[in-house]
Amino acid sequence: MALGKGRLEAFSDGVIAIIITIMVLEMKVPHGDTIESLRPLIPVFMSYVLSFVYVGIYWNNHHHTMQIVRSVNGATLWANLHLLFWLSLVPFVTGWMGENHFAKWPVICYGVVLLMSGFAYNIWVKVLVRHHGDHSSIAQIYDGDWKGKLSMAIYAVAVTVSFFNSILGFVLYVVVAAIWFIPDRRIERKLTYPGNENEGR
Amino acid sequence: MALGKGRLEAFSDGVIAIIITIMVLEMKVPHGDTIESLRPLIPVFMSYVLSFVYVGIYWNNHHHTMQIVRSVNGATLWANLHLLFWLSLVPFVTGWMGENHFAKWPVICYGVVLLMSGFAYNIWVKVLVRHHGDHSSIAQIYDGDWKGKLSMAIYAVAVTVSFFNSILGFVLYVVVAAIWFIPDRRIERKLTYPGNENEGR
Amino acid sequence: MALGKGRLEAFSDGVIAIIITIMVLEMKVPHGDTIESLRPLIPVFMSYVLSFVYVGIYWNNHHHTMQIVRSVNGATLWANLHLLFWLSLVPFVTGWMGENHFAKWPVICYGVVLLMSGFAYNIWVKVLVRHHGDHSSIAQIYDGDWKGKLSMAIYAVAVTVSFFNSILGFVLYVVVAAIWFIPDRRIERKLTYPGNENEGR
Amino acid sequence: MALGKGRLEAFSDGVIAIIITIMVLEMKVPHGDTIESLRPLIPVFMSYVLSFVYVGIYWNNHHHTMQIVRSVNGATLWANLHLLFWLSLVPFVTGWMGENHFAKWPVICYGVVLLMSGFAYNIWVKVLVRHHGDHSSIAQIYDGDWKGKLSMAIYAVAVTVSFFNSILGFVLYVVVAAIWFIPDRRIERKLTYPGNENEGR
């Protein structure tokens, strides 16, 4: 029933690497050669930085979690593809939000994609926990995941707030990114436990 | 005569990861910032979701099959490239079908690419079976592959039907995707047999 | 002095996977929804198929050669990047040749890129041979490499001929691809020698 | 506290492979089929060659350094993403510089991206040194890193000079690339020391 985890990691690395890199293609080379010709790109650049950090956070958390995963099954593959699907929409909403200078609907849609990515990540974790059992390391680590729950709550607030003030919504997305910027010490600590030989590749 | 399988997996992962991700580039960022400006993208988005699922299915089946493959040879490399070639046309027909709101010829061509990808997958399996022998695990698993045969038949019907009603053709493509959505339990079951140490990387 | 070969393979796989896949982006989705709207894409499609086969040949030969390589050094990394540089120009000349229906200059430039890629591959092999020694497997296999030399000669003829008849030049490129289509049995045979444990990853 | 280094390498390989390859997409296929229609692409091509070499240098140094790294931690992941962020801006400034024939502001911005990438690389090394300790191989190798410091100084001079003569600035970027073209023999030498079993993957 259990499959090796190496290719799931490799495929996810590939997709996430492409997502994080093609976003920069939304920053179209300006036609002028003056410093002013860069000015319209400032909101696009800001969106790019935020999304780069978000995709980086997902990659970091994916990496940390896969370190303690022992094997995967068919359901995991689909839960993983589901997560990658929502992340693959990030370049689209990033470009739309940046080109429209953080207007209402693009900011709302950006938040919806963050919210759905968060849901997809939670489903992915649940599938992994079910595969490994309730007493596994992964179950213990994600038990009472306040950071995940807090993020989802802030996303929901940010989406609602954006109907009235989309800049405030954008600020809230930055706040969540800042919360996650600190890597997941729960898992790093776990990895120091004796008996863990699941490292490397 | 036998080559290691690691790089075949890595290269296929890379190509499939790129195919699945560049499809999203066909969803061009709209110029307006209203929710209405997303409406013309709905058929493009629907095509994207379907193709994401299809490419995901191919990756899943490729992954499952490679788990029980012991080594590859020169013929396998070309059969694999042939499969990747047809899959690489998926972003093109996806964009064409979506932008033309499921018109006749784009839906037909989409089905032809699915049909050719299915043929290419069958050839790839046959080459692997010939390399491993008729009594190998891979030969047993793909013996009497009703799911593969059924899919090919439905594709053929869908392409024919699309000459008269392309929406119905599209619905049939969705049906095949649904059939495959369930991961290939035949191989997962096989992997629990004793003596299989072919996992991981 | 010797470095592990794993990352050289992984990086080359990544670059070659991207090259082979972004070529399809040159096949722009047509605006019409009729079968006639695909007609102008036929030469682009033919160029794409030829280049897909060429890049596939390079990947296959790279794969086969790296199987018998034991380690790499700094010079190998640069020789490898030099090879990838010329291959990275393939999508550009492919698109140019296809969009101009095999006109004189695009066909000539396509041949020049093939010629330079061939040179770069030869340099890469020479660097690997110098690193492994004259009595290594890799030196023996590439000793008197008639296929490589023949290809270079045909490329040179094809480029010259294209000044007068570019369709003939294109046909000669197809001939070289056909010669290489057969995988490099010299190395596959080598790999069956006893004492080779360099397989897999 | 320590994580395996395999996925950090794989993800970095993926991102760097994409960066180095999508730059070629800035070389738009010309509409004409004459050799003259390539002329406007010459500065774009020159920018592409320079950036290809720079990204190649970063990949080579990343590869060499990771060879002697034993494990990574959360801080390393972020320092690595920070480095990849600045490198991801290289295609943008490459395209802008090439299309504007080495005009003042694009050349300045290109230099700023090089400078920031250099800073990011230094931070990445410092984080690795702190993780491995002051007596580790990596600390010894990067102790008194004259090549890194010289490059940063030349970048700063080149950016300043470009305000008056941007061609001279471009020449200085070429000079730094030439300095780094020679692979980092310090690490290759280190790898011959007895007791190093950290090679391969």
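Just so it is clear, A, B, C and D label the chains in written order, and each chain counts residues from 1 on its own.
The rule is short, and it goes like this: a contact is a pair of C-beta atoms (placed from the backbone, for glycine too) under 8 Å apart; a residue touches a chain by one contact, two chains touch by 3 or more.
Worth saying up front: this structure is predicted, and the values here are computed from it rather than measured.
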Farthest chain from subunit A, comparing Cα centres?
C
Fraction-based call for subunit D against subunit C, same above half, different below:
different
Could you put a whole-Å number on the gap between the CA centroids of subunit A and subunit C?
36
In whole angstrom, how far does the Cα centroid of subunit B sit from the Cα centroid of subunit C?
26
Specify, in ascending order, the residues of subunit A that touch 2 or more different other chains.
10, 14, 17-18, 22, 25, 201
Subunit A-touching residues of subunit B, taken from the complex the two chains share:
9-10, 13-14, 16-18, 20-22, 24-25, 27, 29-31, 33-35, 37-38, 49, 52, 56, 59-60, 63-64, 66-67, 181-185, 188-189, 191-192, 199-201
For subunit B, which residues count as touching subunit C in their complex?
1-8, 10-11, 14-15, 17-19, 22, 25-26, 71, 73-75, 77-78, 81, 84-85, 88-89, 91-92, 95-96, 99-100, 103-106, 109, 201
